[in-house]
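Shared between the two complexes below is chain A, which pairs with chain B and chain C, respectively.
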Partner chain A sequence: MSATPSIPAAASSMPALSGMPTTVPPPAPGAPLAKDALLALVQERFPGAVRDAADAWDLTIIVSADQLRDAVLFLRDDRRLQMAMLLDIAGIDYLAYPGHRRARFAVVYLFKSLVHGHRVKLKVEVDEEAPELPSIHDLYKIADWSERETWDQIGVVFRGHPNLKRLLNHHEFIGHPLRKDYPCQKRQKLSVNDPMLDQLELRLRQLGYSVLSEGQITSMPTRGLPGAIDGAGDRGQLDPDLRQGSNAGADQRGVL
Partner chain B sequence: MKVLTPQGDHLELLTVNMGPSHPATHGTLRIFTALDGETVVAAMCEMGYLHRGFEKMSEQGTYTMVLPFTDRLNYCSAMMNNIGFCKAVEKMFAVTVPERCVVLRVILSELSRIIDHLVCVGANLVDLGALTNFWYFFNPRESVYKIWEKLCGARLTNTVTRIGGFYRDTYPGFEDDVRKVLVEIEGAIKDVRGLIEHNKIFLDRTRDVCVVSKEDAISWGWTGPCLRASGVDHDLRKQEPYYGYETYNFDTVIGSTGDTYDRIMVRIFEMLESASIVRQALDRFKPGPLNTADARLSLPDRNRVYHDMEALINSFKLIYEGVRPPPGECYDATEAANGELGYLIVSDGGTNPYRIKVRPPCFTQFAAFGPMIEGTMVADAFGSLGSINIIAGELDR
Partner chain C sequence: MVFKPVPPLPTAEPSLGDAFITTTRDAFVNWGRRNSLWPFPFGTACCAIEFMGVVSSVFDLSRFGSELVRFSPRQADLLIVAGTVTYKQAPILRRIYEQMPDPKWVISAGACATSGGFYDCYCTVPGIDEIIPVDIYIAGCPPRPEAFIEAIVQLQGKIGKESQKESKRVGA
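So, the complex of A and B:
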């Protein structure tokens, strides 16, 4: 870690990025950049980016939705940043946040650089009217599932995602449970398994196969077969909420 | 299912659904595969069978009420989840816990890491047909659970930490018990290594099976032992040390190829490193205050509550309302047994968390499982499922 004297040498030996002014010298591997320096780097490239005041502990940078993919690429590929790891994607609904005047949703991307050791969170605000963001599933492999989870829980659509299906909740589930207006005690009747044949065919096509005929699905429980949707299971007979249909149990039964 | 291969040949694939309730899935995971004979051609995974809405539930209660929920994330090393959550909330308050608390948290974390790895490796070897190792590993694990029982009365889900400290101090003889169990653990590891290291069946079933390259592991967001098995030197205890880990003498265990063998061996050798950390921590484990003196977090002394009005009010406020972190959004992570366990906490200044997002380490590992097993045999696929240690509790939350 005592590599401080070598920083100027490393900076001068590296070629400058394509015509970009460099105000911050690139650090030696293993030396994390300070928060201000990281922010300056991102702001130099994306002048509209601002530091999120809500994150007083670490660094969260707010970028606009149309800058998102460029900003992610910049974080990943700039040799001073090299954020090769996307740790997580988290959706936040600010509907009930006291004094919140900005967009209803925000999606936070957590990045980490294994080379330099620094962390940055990118935050994108998402409007309630059009909750949409460009997908980054092609930039990080994990983004595929993380975006599915965010869509499932908060209801932000990721444009360009090849398989934007629910991940944590049942495929028949209606609504997005981590939205603040989704009642905590609401119940839904979910009965039929996802046959997943469409997802498997998608995967086969991604691998270069073409599917000629579907054939038989084996090892599937009988209730899971398409067409086996029954109106009321055993519980449906007993529970008035469930008897009204799969999504009629909407009334809130008080909170914890 | 009739398909045309990329080479233009006709092929009849068999679609087979595995799980969610199957002994080899170690939990409730579903893997839907297209097989060519015994070879997996394509696989899609489904999760969520154990989804209990941890994040939604967390918003309904106080921060202290979230603590027992965190036990149910990775239930094989419940204490590490408690400690990670408390550390995140303490970071929001900018409170440092006393030295005795820090050392005790290190001891409990490393013992939890050991029992987590014991289950993972033991059960993984059962998948490969080696049952004896399981019993060798479960004896010391049981001894650790006996220590947990004496420490807090609970075995699997302990809820032993509190924000700002601990539920209660250790019992007399705790250090001796821990030292004894370390010897037991090292004995069991020696026994198991003797059984598997030169075992041809084990080597054939694990070497070069389900290899995950360095680049793939990083792009999948892998952390912890699985990332290290792929040859990446990354451990939060070394790279972003907390709780004084930089002052302990231990090595990061790194694999070379990223196959099932490496993932098992990294865990086995990590247990020995953890045992060494526990010994060093026991030497530093000195009497002293266990809980922070910060009145925003810690309950006042019981005697003061009965005689001092301020202390009485403080006690009432903390019990009925709980802690109130400053408003804002804070992420904090610890190196849990499976990898980076992070909590993104959004606080509105109130007594309930506004939003908690958990970053479960095995989420990223299970996301990679489908592509990882394509091209391998079905039996080897399940051999490698154990090696990435999917704990459905933290996967589904």
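So, the complex of A and C:
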């Protein structure tokens, strides 16, 4: 890795992401693979995967919930695919969809390869009785918020997500508004806004501040300001007790 | 200065000449209040961009004495809500209103703040008068700067009719 000197230094001080590749393979740019070739690659590894016939223009591959994490890892790490970018996670409610006879919900993951330029969507059907999927927050950082949004709006629970709380709607909201059986004009008032202190305190800790009392905006710098010279080297070496916040399950790996 | 003409009281000292003017307390207080409104812009959408034009040199709200935009509610007496307000924001708007010292007035600028606009859905407040009392509504999506100025002038007229004998609403 012959990048600028600062990038490896900062990267080495970051806590290692579980499941993240430790070495980045050299880019091998080429023409984007055709949809058939992409599908064949995925089907070679996951025989149960089928192409979604409803998506005639693009490539959507349906996999089962059990295969999801393996399939995502395969898309991300296979040299021929290298889907390094998760564009979006979207939930679908097929409740009133004409002619639909399969599971009520589906979750679609949109991937893009920055090296090759091709795109693939993964679609997982989700049962109505137990709307659950394994979380992929540890494979793609952006999946953290995308999964929170999908849970908030559609109500699909992502098993293993460290902080599955509402992202768009307020914290007193009941129900999931993008479900087709939610009356779209049913409004829900919020009495007290969520100050989101848990996120703020987490951020302060990562910047080297200590939060004196949980749930209060009472913080003191224990070392220099965030932009100080020694900041980059210290971020990954905070005292372990400072890293345990009120929101113990939250994403502690965040880089600022 | 436009004061309501009040005949001088017979007991006033004629020897003082022009050193004194006599008026009513309401006329005097309202004159001061309506001509030095300090607006707090609660701008959440494109209406706030129009308001920037209103206070800038072309339209020049300072001709009407209301150009001193304050970004602390404690220093403002006119709350201009310009833009869409969601239920997630509603407690914040309410708190800002409550932080403003009396007397205070509210202008609801544009379709979204007034009625929710075209956001007829689960997350948008259908008019900020669900949250706080409103004095003047401005139509438009977004309103022209002239409409903002007209609202200020209308509010000045409304303030001019207020009486200090009536207790000013507190927290509505």
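We adopt the following convention: the second predicted complex is superposed on the first by the 168 of 256 C-alpha atoms of A that agree within 3 Å, B and C clash if a C-alpha of one lies under 4 Å from a C-alpha of the other, contacts with A are read in each partner's own complex, and residues count from 1 in each chain.
As a convention for this text, a contact is a pair of C-beta atoms (placed from the backbone, for glycine too) under 8 Å apart; a residue touches a chain by one contact, two chains touch by 3 or more.
Quantities reported herein were computed from a predicted structural model and do not represent experimental measurements.
Enquirer: Who does A:Val211 touch here: chain B (first), chain C (second), both, or neither?
Expert: The answer is first: A:Val211 touches chain B but not chain C.
Enquirer: Given the touch rule stated above, what does A:Cys184 touch, chain B (first), chain C (second), both, or neither?
Expert: Both partners, chain B and chain C.
Enquirer: Examine A:Leu110 and indicate which partner it touches, taking first as chain B and second as chain C; both and neither are also allowed.
Expert: After superposition on chain A, A:Leu110 lies in contact with chain B alone.
Enquirer: Once the shared chain is lined up, is A:Val192 touching chain B (first), chain C (second), both, or neither of them?
Expert: second
Enquirer: Under the stated touch criterion, name the partner, chain B or chain C, that contacts more residues in chain A.
Expert: Of chain B and chain C, the partner in contact with more residues of chain A is B.
Enquirer: Let me test your reading of the model: by the given contact rule, A:Pro98 touches which partner, first (chain B), second (chain C), both or neither?
Expert: It touches chain B, and chain C stays clear.
Enquirer: Which holds for A:Asn169: it touches chain B only (first), chain C only (second), both, or neither?
Expert: A:Asn169 contacts both chain B and chain C.
Enquirer: Pick one for A:Gly48: touches chain B only (first), chain C only (second), both, or neither.
Expert: So A:Gly48 meets neither chain B nor chain C here.
Enquirer: Overlap the chain B and chain C contact sets on chain A and report the shared residues.
Expert: Touching chain B and chain C on chain A: residues 168-170, 177, 182, 184.
Enquirer: Residues of chain A touching chain C in their complex?
Expert: So the residues of chain A touching chain C come out as 168-170, 177, 182-193.
Enquirer: Quick check: in the complex, which residue numbers of chain B touch chain A?
Expert: 1-6, 10-18, 30, 32-34, 41-44, 46-48, 51, 53, 55-57, 59-61, 91-92, 216, 218-221, 223, 232, 234, 239-240, 326-333, 340, 342, 344, 346, 348-350, 354-355, 357, 359, 363-364, 367-368, 370, 374, 396-397
Enquirer: Using the touch rule from the top, collect the residues of chain C that touch chain A in their complex.
Expert: Touching chain A: residues 87-92, 120-123, 125-126 of chain C.
Enquirer: Give the list of chain A residues in touch with chain B in this complex.
Expert: Per the touch definition, chain A meets chain B at residues 52, 54-58, 60, 84-88, 90-93, 96-98, 108, 110, 114, 117, 121, 140-142, 144-146, 149, 153, 166-170, 177-178, 182, 184, 194, 196-197, 199-200, 203-204, 207-220, 255-256.
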